[in-house]
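Structures incoming, each one as structure tokens.
What follows is a pair of complexes built around subunit A, which joins subunit B in one and subunit C in the other.
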Partner chain A sequence: MSEQSVVKRGTEGASPRRRGIAGWGDPRGRRLGGWAFILNRLTGLGVLAYLFLHLIVLSLLARGPSAWDGFVSIAASPLFLCFDVVLIFGLLFHGLNGIRVTLVGFGLVVDRQRAMFVALMIIGAIALVVAAIHIFTVG
Partner chain B sequence: MNASADPAYDTHATADTGHPIRLRVFRCRAGDRSGHFDEFRIEVAPDTTVLDALVAIRTRLDPTLVLRHSCFHASCGTCGMRVNDREVMACVTKVLELGTPTVKVEPIANQALLGDLATDMVDFYARFNAIGRSLMRESEWLPDASRPAGVESYNRFESCIECGLCLSACPVVASDPRYLGPAALAAAERAIDEPRGLDPGAVLALIDDPQGAWRCHAAFECSEACPSAVDPAGAIMALRRRAASGRLRSLLGGRHA
Partner chain C sequence: MAQSEGPTPGRIGTTWTPSGEVARPTWGWILQAVSGALVLVLVTLHMIANHFVVAGGLRDFADVVAYLSDPVVVVLEVCFLVVVTWHGLLGLRAVLFDFGFSPRAETAITRVFAVLGVAIVAYGLWLTWTITSYH
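Our next item is the complex of A and B:
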């Protein structure tokens, strides 16, 4: 019996071991680029969800001043402000990492992509802190 | 004791003494869709590699363990595995340097499984066929042979040992089997760099495709996993630059390279 026939016999019913979509979000064993990949998807989905939420909230304007004022009072609560910070984190991460992905995707600064990611994240962290202070202290 | 009935043993699997380690080894037979883990307790020495430990398990504890290996020095590319969730060559990964009392050993992901730790590499090799270029390793060069000017910059792909770790680590391959994948794209970049009789335009057209170089999402896990510093992600980005430049030139009325 040839070796090939043995291989074929062995593959019958074998598990494909393809991780599928779950492989996108599995952080185990991933390095910096892998974490960036995961967070980019999560923040992308989050920002997309926010877009629809934002449109729903804006639709309150059509229901009159009382509906809008009711929402504004909720929006001023500390818990809601925390969501604002999370939103800004998502926007910052997705946008700044998008700069890295775009540059690298066109073959630019590929050798420095890790340093670029770290630098962009430092910028993002500073911007997030400034934004959080602003959110909780102004208005 | 029946090895396949009770895979957990107190028997020392290696002749070395001192450091007790548990190995959780993925097991799967034809017809077993999900597989399971068997746990083995062995003692290892500081220089014991994961492959040493697995061979010892197969030799002394469970002869039914299926794994593939050959050279024991990260040259043949056959013992690529996922150890503690990372793609490594088992033959050069020392057990104790992993720093965990339990070491999880799985086959590489995103490939069909033959059994236990051995995967079917047919799909992996088939990806190279589209490129139409045979592989040449740096180790196959004659050391005294004269090289063309600039050939040093070409030796990275020749270092590919065809282990499949890059395909296992790539999150896009995980969900899209149509994606050409990092190894074949690295081969394409080499083929365009040094055609050796191939038509670089045809190779560029092949990779300038939604399932080619543009499918990559820049996770760089392939380059991190590569045991031979081939840097497939860097090659993919170089391909994109070529493809984008060609399209731009074409848009401006020039010739698409």
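Our next item is the complex of A and C:
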């Protein structure tokens, strides 16, 4: 009988040796799914931080046209556009990897999840390049 | 709980894990998966409608007011706000629970997040109402 135990849902990719936050940085026994798990959490935290920032910035809309339109002109700067590309990377990784996690969690395509992960990441990379070109050329 | 049969593809409630462990679904996980699927659709719509089809990538004030004058847009954006808040806070809760708090602390975190979620949605509704009143 192989040694297996029940783990908390959502922590499947954590290092098998160290659970909890400390387990995130533990490379021992970590395979592709484990790294995907860490990046899923980091992009999730990053996108959530962005969401809070976004909601705060949107409060400028309540202060009228001059407040909001002043921000719009600043947001067109190259630094903001770089942040936009980082945001889209976070959204794409978290969303596409989330498709894999959800399907596998419901017991679907379990034995093909590595191939699915690679395919989703290729789609994500193409989408990221297209989005970045759009952001820096069309705006 | 020991499992001798290993991963069981195709059966809801079990999953393969890198270490060969078997995970069991919780309500939190199922809600996270459902809200994640909804966020995926709504964030795609939001990004296209608010950024990728807009000249310059960001609507000016008059354009935002005109955009939110469509009731369908308001419903979709409010749905997005509710679902993304739900998914984000539930995800942060899962991350915090990795610290290994006591059951009592976990309950407190859940309650604080529920209040925070309601406050965020209330703020979003107020903001939407304020913007649409400019129309």
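Note that in this section the second predicted complex is superposed on the first by the 112 of 139 C-alpha atoms of A that agree within 3 Å, B and C clash if a C-alpha of one lies under 4 Å from a C-alpha of the other, contacts with A are read in each partner's own complex, and residues count from 1 in each chain.
Here, a contact is a pair of C-beta atoms (placed from the backbone, for glycine too) under 8 Å apart; a residue touches a chain by one contact, two chains touch by 3 or more.
As the structure is a computational prediction, the values presented were derived from the model and not from experiment.
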| item | value |
| --- | --- |
| Per-residue contact with subunit A, leading partner among subunit C and subunit B | C |
| Partner chain in contact with A:Pro65 - subunit B first, subunit C second, else both or neither | second |
| Contacts of A:Leu45 with subunit B and subunit C, given as first, second, both or neither | second |
| Touched partner set for A:Leu91, first subunit B, second subunit C, both or neither | second |
| First, second, both or neither for A:Gly105, with subunit B first and subunit C second | both |
| Shared subunit A surface residues [contacts with subunit B and with subunit C] | 7, 9-14, 16, 19-21, 23, 29-34, 101, 104-108, 110-111, 113 |
| Touching residues on subunit A, where the partner in the complex is subunit B | 7, 9-24, 28-34, 36-38, 40, 100-101, 104-108, 110-111, 113-114 |
| Residue numbers on subunit A that touch subunit C, as the complex places them | 1-14, 16, 19-21, 23, 29-34, 41, 44-45, 47-48, 51, 55, 58-59, 61-62, 64-65, 68-69, 72, 75-76, 84, 88, 91, 95, 98-99, 101-102, 104-111, 113, 131, 134-135, 138-139 |
| Complex contacts: residues of subunit B adjacent to subunit A | 28, 30-35, 82, 84-87, 107-115, 119-120, 169, 171, 174-175, 177, 216-221, 224, 233-234, 237-238, 240-242, 244 |
| Of subunit C, residues touching subunit A in the complex | 1-4, 6-26, 28-29, 32-33, 36-37, 39-40, 43, 47, 52, 55-62, 64, 84-85, 88, 91-92, 94-95, 97-100, 120, 123-124, 127, 130-131 |
